[in-house]
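A, B, C, D, E and F label the chains in the order they appear, each numbered from 1.
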């Protein structure tokens, strides 16, 4: 959904990082006028993410090394089988060779996240909670990683420290109490932001709701405790929004997907994912 | 070994990404004059990397939110047990809370890479080949990820497209032949760069050596094929440098660590790593 | 409340704009070692805002032209009488003369906004609605102008298009209906954001509440219509948050401050303000 | 007259300020393929300025959100009646809604300055002095605000500290005397710059002319004093250029427009202006 | 005289250009804790310029590689004999070795310009015309090269296209005539800028003065023609400022230094200069 | 060979440096709709370099001032006689006049380097050593100056401190010995970099080769000493690459071009070059 105006800048910095003063191998071995065709394909089954990254990489190298066009063949979110074609390239061989690694590195990382997210979302099932990410993202990659989560069928939590109030354990320590922290947040945050509090016990649930929290983050409850916490909180305030987190693997999500939480947040969508295997093959 | 002059810039962009227009939770719930102490510790056994990242994060938030000091307690490369202390923080609670996630995200990613690298290096053993990374790195993070590889006991391959000539399969397709590609590279690359060629058969080894390649990348040979290729190449040119790659897990490295390759390159040091678990705990 | 990490950058660009290739008058007429003292004072009664701007201006010129120190004598938000001292300067005459105009331009603009806001807030009275700003701010100055509103006793609305959902008349036209617009927003916005809808009639109020809007912006109602709208909306949903806007002068605010709206938003806090008159006087 | 190469950069920063991580309202409520038409029109009589700003805003959002075209219907400097059309928009509804506020904020500010300037220029009359601005401009907006002054029929004073020598009261204090300040400026400034001195008395006029000043800024003289100062100065040096300043409202300008000053400079063209009221209306 | 706020940025880009991803030689061969002392000295007689460049280089590398201090021993403008010491260095050997080339490249270039300028200024003599530079400067180096001209005893012409009006032959072609060009410039340029016209004949001198030019650039006259042109122009307008240019070597300047021009402008101060020879010697 | 992705950025900064807030002469004297044709030609025989610079300058000014097209008539590396045409311009007179100086400054500098390089390469002859540059380049201009060297028939040494290991005298001092320095470099530099050592005596040659250096820089040997050093080194290690440097004028190169060094490096290709004379002539 979100368009990232910083994509151009990220890709430009990424190419600068890889290319430096120039791709000495390509520039010396390949003629400037050599035209070529190639295909990016999957070497294992994946859920795809990162087409905008790849398009931007080849757009930028084209302006420096000669025109090359990347034509995506499937959209982000698609499931691609082993051997399936992701996109086609044609144009300047210098441009394509210079951009290849940078484009693939983005596609492989982001598709890894989408593929991993899909497993969690499937475990939750259609009737289960929304699966959302956290702020445990690779610095400088948050917007793209959150798009990969959406490509895998997940949803997003807040995007940063400025578009949502989430009072966590360390804020409570620093503020003195949940009551005091919520009181201050209500006085200062603007009226379009809800206030969420991380709670780890029934006592904390009661204190947070009494203070006026509109959302609770139920952190690190075991399965039985989570069910009890949900019932308790809903009884106090039927309109409260409930989020659960803590060691949320696909297995556990499948186990608790009938508990009436609205949202399960999973850092591991991103930080426990691995790159999938993609490759660029030239037509000789 | 390498100092990264871009660290400041990366951290600044990372904080901008996370903090945006301001940390509304911290700024509203915690007083500007609240001082606090905290500890970053490991929640599982790790090899550490990323202390420079964490130091820079807290240095930068200090200049915007009030002074906070991060004191690393162990160096990059150290093995830290579960519960072991990585660093201590004291100063402005606002600064520490605002920087916490950004600092931890860096430490957890980089330590994940160092920890994963260590497993590969141990498999190679003291007498085995050097374990090196590849250009399959997270765009914008290469310098830090390569430092994490060193922290895990590995070594680095070239840093980008401009500090080494590596003629891969797609270059050969585009140039027409190994012979032609090497000829051109020798004519154009400056005299401090060696020329490496990716080869997948004995025939290609012969062609590359005849053309004057000084380094061979033996890609995707099976164990027996790799041993034969090494003997064959060494017989042709005793001074050739030999690098092997392709599906190099710790298990396979242990199996082939007696084959006389100089270098084994492993993309998975980085792209198959997962974040380790670290946490920041405040003293009440 | 909010710290602005971009202040440094804005001041740097502002000095660059004014100083260009160097202050030819100051550099030619004043010796580099000339030390001086001066005072910034008010030439009319004001509410002050902009001390951080002025401090940053003199900090930056000091690093280029020789040390000068700006010592603020009162805080943002203070009421300063005609002749009252705002801050004192001493150090390099070159630095002070080069930074003078840039520093004063910021202080005079921002204090103009704080002074104007104060008049609106006083009209609302202690028991009346919160007075908040809008997104009608000077491009590149939003963070500082919103701080000036707070200095004048006002509060802030959302900071940008990404930290709040406000469905306005043109969104409704584009989406087709209030119902459709709210339905989509609820599906896509993350759970820490409330959804506000601009309404101009009782019918729209009903549609917005039925769709699930949590906040209503009552726009351009006359005094009587506003009172009716508030009663009607509160009857439908006692927990709804109500914001009123449209031609909100201090006079009108005083007239309607007993109507039970939570918030009155006033673009004119900023866009109908004028600079106040401040001056820098040297001690001969 | 002046083209501003920094306009692109200013608009880009302004959009970044407003849009942040994405326009959550527009992106969630409006389909990416929704096309729309709209009109920007005046809600009060104005003199227009800012068309280049608006064009650039919609050009930039188009590249991120889908093509939208802004077609200006009148030029900067035009007088537009209440209800008069300023420009037309068509294309992606997402792009138009995302850019709307940023575009209007620029147009409303700059047209406010042009409209205010027009009042002063009319007061001076065709035979009267040139009306020029000062360096009391909104930091980062000088080039655009000076263009707005020209759109209102005014002229510009120097653009910064590097394209003109203007020795003001504080320079005289720092240099020791008018004589010394002018002597130094003549020795150091290049030969294409004239030297102007701010004077507040007949004695200072004499000292400045004797020292070789080519332009005098007659500051804060009352009406009678101004007439005397002009006669006196012209008698000393018929070729001297005379500028008057200090509390120059349209009323006072009308009163003194027969006094033979060449130039009247008015900070209030900019800093006493208010935004005019413009609006964007969609065709349903 | 002029302080350059862009020096930091230029040096940062210059170090980035040279150092790239890190100084592999220094970082691998020299220990991080190695301290060293060294001296920068002249290998031929020079006039010095560039100390601010060298200081900034070592200041920046110190913040990345360990503290090193550069202590200048003579000021810009000083004449240094062969073997004379320019500055001393001590501190981190890594920092000094990494910054050495970048620092010397700046000092050698700028001192070359200062040394060359001195020859021209000496040829003009104390009673002769001012020797000034032109806009024929190395792009990105203008401010530093103009400082080098001042270090060599020369003066500066305008700094760019925005701080002086100089109507050259191609402007005259484009405008249609000198008369038309001057008329327009007088209408549009602000009142602190003088108007200069390039002339190549007595006829053009007459036209330019009649149009109101205040400065004439007498271009490409031979020695006798130059004397005639000066007499002619002075007779028409005793207050006109006269600048001569075209093939101005020290020899020609010595020959014409009695002709009553105010200014001789010489592009060759900069573009015909060569680097002087400086070296950094370590104490073992 | 190398494409420079930073060219756009350099040209943009160069135009900003020259144009500042706008070309007041051109904008006031020439109408925005004035179209013109012109020719850039050589006023002396040259070897050309810098066409990409000129194209980029006119491309950028076109986007700000109205369309102008620069059509190069000869390629970099071409020999152009006095009066020969280098390129043609047509389009907006404002754009062409604003970009003229910046474009010519680049072409004149770079062609000066190409022309100077050609003299050295001719002295070496077809059978002689390769003539290469050094890191004595104008900061911020290295990539363009190295391209100019190639245009003149020369070759390039390493591009920076990160794409080659060159152990110079000061590194040896800091490391303690050649042996120690080479040992460390071999341990740390990646395997695609060769190691070069600067040597000034037969003893040092022996130490460097024994330590494993693959390239020797024979610095400051006299003619006879150079011949002896080459024979000695070749006898020790037939595969060693030999580079000679120190006071390498065309005369000396012609004298030693039969000595079997592989490479002669000459800082003076760049730092002893002077600008050639080019001019832009308008068709009336």
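Operating definition for what follows: a contact is a pair of C-beta atoms (placed from the backbone, for glycine too) under 8 Å apart; a residue touches a chain by one contact, two chains touch by 3 or more.
Predicted model only: the values in this text are computed from it and were never measured.
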Chains touching both chain B and chain C
A, D, E, F
Cα superposition of chain A onto chain F: how big is the rotation, rounded to the nearest 5°?
120
Which one of the chains is farthest from chain E, going by Cα centres?
A
Repeat of the C-E interface, chosen from A-C, B-D or B-C (over half of contact pairs identical by residue number)
B-C
Same or different for chain A and chain C, when you check if over half of the residue numbers at their contact belong to both copies?
same
Where centres are the averaged C-alpha coordinates, which chain has the largest centre distance to chain D?
B
Chain C to chain F: how many Å between their CA centres?
53
Could you please state the distance in Å, as a whole number, between where the Cα atoms of chain E are centred and where those of chain F are centred?
22
Distance between chain centroids, defined by C-alpha means - chain D, chain F (Å):
46
By the touch definition above, chain B meets two or more other chains at residues 1, 19-22, 24, 27-28, 143, 159-160, 162-166, 188, 193
Which category does the touching pattern between chains fall into here: line, ring, star, complete, or other?
complete
Counting only contacts in the complex, chain B reaches chain E at residues 1-5, 143, 159-160, 162-163
Please output the residues of chain E touching chain B within their complex, sorted ascending.
15-16, 19-22, 24, 27-28, 64-65
Give the list of chain C residues in touch with chain F in this complex.
20-21
If we count contacts the way the header does, which residues on chain D are in touch with chain E in the complex?
1, 132, 155-159, 162-166, 188, 190-194, 196, 215, 241, 243, 262-263
Within their complex, chain C touches chain D through residues 10-11, 13-14, 17-30, 34, 36, 38, 93, 97-98, 100-102, 104-106, 108-109, 135-143, 159-171, 173-175, 180-181, 184-185, 187-189, 193, 271-275, 280, 282, 284
